[in-house]
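Order of writing sets the chain letters: A, B, C, D, E and F. Residues in each chain are counted from 1.
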Amino acid sequence: MTTFALIITTPPTDNKTHTALMYAEAILAAGHQINGVFFYQDGVLNANNYVLTPSDEINLLTAWSDFHQRSATPLHICITAGERRGLSDNNEDGFVDNINKNFTISGLGELVVLTSSADKVVQL
Amino acid sequence: MTTFALIITTPPTDNKTHTALMYAEAILAAGHQINGVFFYQDGVLNANNYVLTPSDEINLLTAWSDFHQRSATPLHICITAGERRGLSDNNEDGFVDNINKNFTISGLGELVVLTSSADKVVQL
Amino acid sequence: MTILHLVRTSAFTDDSLKQCLNLIASADQLFLIDDGVYNIHHSLIQGLKQPVFFLQQHVDARGLIAGSQQRSASYNDLVTATLNAKKVITWQ
Amino acid sequence: MTILHLVRTSAFTDDSLKQCLNLIASADQLFLIDDGVYNIHHSLIQGLKQPVFFLQQHVDARGLIAGSQQRSASYNDLVTATLNAKKVITWQ
Amino acid sequence: MSSHQIKKYAIINTSSSFNSSNGKDSLDAALILASYEMPVSLFFVGDGVYQVQAQQNAEAIAAKDYIATFKALGFYDIKDIFVCQQSLTERSLTTNFVVASAKTLTTSEIKQQLLNFDVVLTF
Amino acid sequence: MSSHQIKKYAIINTSSSFNSSNGKDSLDAALILASYEMPVSLFFVGDGVYQVQAQQNAEAIAAKDYIATFKALGFYDIKDIFVCQQSLTERSLTTNFVVASAKTLTTSEIKQQLLNFDVVLTF
């Protein structure tokens, strides 16, 4: 069994993000393990509870959440990148935490931990 | 006096958006009028109240808000594009309207109205 | 009446400038802004018949030195260019 | 051990494939995914020494017909290619 | 502020089918313009020519099949669909288009066409 | 899950200075890797070579001046900064770099260098 770390930098409006999910599924299907998926840059938008997609289109938030729940794969978001793009873990006046609970709030340090501990690092 | 309609499709993390603001300022400084700015695609992220930027960087939400308040230029966001990117005018459980009050919630129809009524249309 | 073409990307990376030059008419204007100013040193715009303007602030930000064939412009000049054109096409 | 190069963009629009080919070693592998599959018909990859793979689903989605010089692959093949390489470089 | 009037719109598509949301967002804009009875012509240049190719299958990558809507453009009175011949040739593509009414034009012909419009948008 | 270990990282920068947040996001990643004592080498290829040019002035466009931080990379023990000679030449650029320790390499030399790393990231 080989361990993987994935880095995702594309938003849910970009089909490349679906590719990343399919690749993650294929890793698990082949019997390997993903130590964690790190969402950076526009990738953090995948964790936004506020994102709505029309009912005839794939909802990547639902898809990632389902992936997490089936596999227990940690999904990390870079909170600094998130704050620049409208994600917030703040519940004070005028704010509601909009980061989906299937994602873990992390910093760039987690990128280092994940990529240095996995056998394979793939950026998608 | 010439009337302008501007279409902005770039997010606040992209310096091209600052260019658009500087261009809008120059239009007004030259004595012309902007009938409206229409934010489409990733441009809608400019209206997100949740976006935080470090204190040593320009905050485009503040800058657009200030521009609106000084000039009364209407700033429209395409709500469909917004919903795909984490903007919400919903105040139900788990949501707080995060669209800045200096922006008007609109649909693509407003793009038609603005561009067909202005003397000049510029997409930035 | 002419078309004002705004080019916002580097032709060393993408093909926006190329698409623009395929469709620019001889009476049109080319205006380089944002990363489009990197094109002041691109072979595609050497010897163009059309006047080529660039936003001076965007050249300054990138530490470039413009050649003598292209013309420095301000945001106010960009507004004027818009007024003088029938319409604008933005290549980004 | 070799490098697996993933190319995700069309070389007709941007220069990712070109950057990749500048740095690909003769023992490396090239794997086209996403818009990178448009490159199956680009002159840059004709006659390459390295094997060129493409994700069949991504070719199908775009209505392309692959030539015989490139090799159809599944996501499972992409995982295998990752396992067989020492490291991966993603050009996007 | 003047009320809106009829203007002629050109939309130039330079993006491939699925790499960004440009293709779909452009089509949405074209349809809404048409619903306001604005004349709209669509141009496909550069990688935009991939959008009008037949045999695409968005479902293979779980993408929205906005391509299918091209076939319905006639119902929206969008009749002018122009595809750049040079861009097709560069990409070894045929004129097997998803919409039968699409016509190929040379870059010179597109340049001439562009004189006819009041507003030009690019996606 | 194994705990993390020291790995050698290469970061390849292909983006220009200000068009996207890639330049700054890449530098942030490099600095955090260095703070975890991972050896990091930076490569600048394609339009990435614009990032290391001297005389840039981010303030002229109200951008964050992350370029200034390149000068401090030595303090973070990031000593290997490699710039693609071919990309410089194509763009008519000089070797007047913002960071004195930057070295130019040919594409063949970069290809050789890449053999030395465990992880390669691109921005």
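Everything that follows uses one rule, which is that a residue touches a chain if its C-beta (ideal position, glycine included) is under 8 Å from a C-beta of that chain, and two chains touch if they have at least 3 such contacts.
Here the structure is a predicted model, which is why all the values come from computation and not from measurement.
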| item | value |
| --- | --- |
| Partner chains that chain C and chain E have in common | B, D |
| Partner chains shared by chain A and chain E (touch criterion as defined above) | B, D |
| Comparison of A-D and C-D by number of C-beta pairs in contact, larger one | A-D |
| Label of the chain whose CA centroid is most distant from the centroid of chain B | D |
| Chain whose mean Cα position lies farthest from chain F | E |
| Rounded Å distance, chain A centre to chain F centre (Cα mean) | 26 |
| Chain centre separation in whole Å, for chain F relative to chain E (CA means) | 39 |
| For chain E, residues that touch 2 or more chains besides their own | 18-19, 21, 46-47, 61, 63, 119, 122 |
| Shared-contact residues (touching 2 or more other chains) in chain A | 13, 15-16, 19, 84, 121, 123 |
| Residues of chain C engaged with two or more neighbouring chains | 12-13, 15, 34, 57-58, 87-88, 90, 92 |
| Chains grouped in pairs wherever the two touch, ordered by label | A-B, A-D, A-E, A-F, B-C, B-E, B-F, C-D, C-E, C-F, D-E, D-F |
| In the complex with chain E, residue positions of chain D that touch it | 9-10, 12-13, 34-35, 38, 41, 57-58, 60-63 |
| Complex contacts: residues of chain A adjacent to chain E | 13-16, 18-19, 54, 56-58 |
| Chain D contact footprint on chain C (complex, rising order) | 12-15 |
| Residues on chain F engaged by chain C in the complex (per definition of touch) | 16-19, 46-47, 50, 53-61, 63, 90-92 |
| Touching residues (chain side chain B, partner chain A) in the complex | 11-13, 42, 45, 48-53, 83-88, 94-96, 98 |
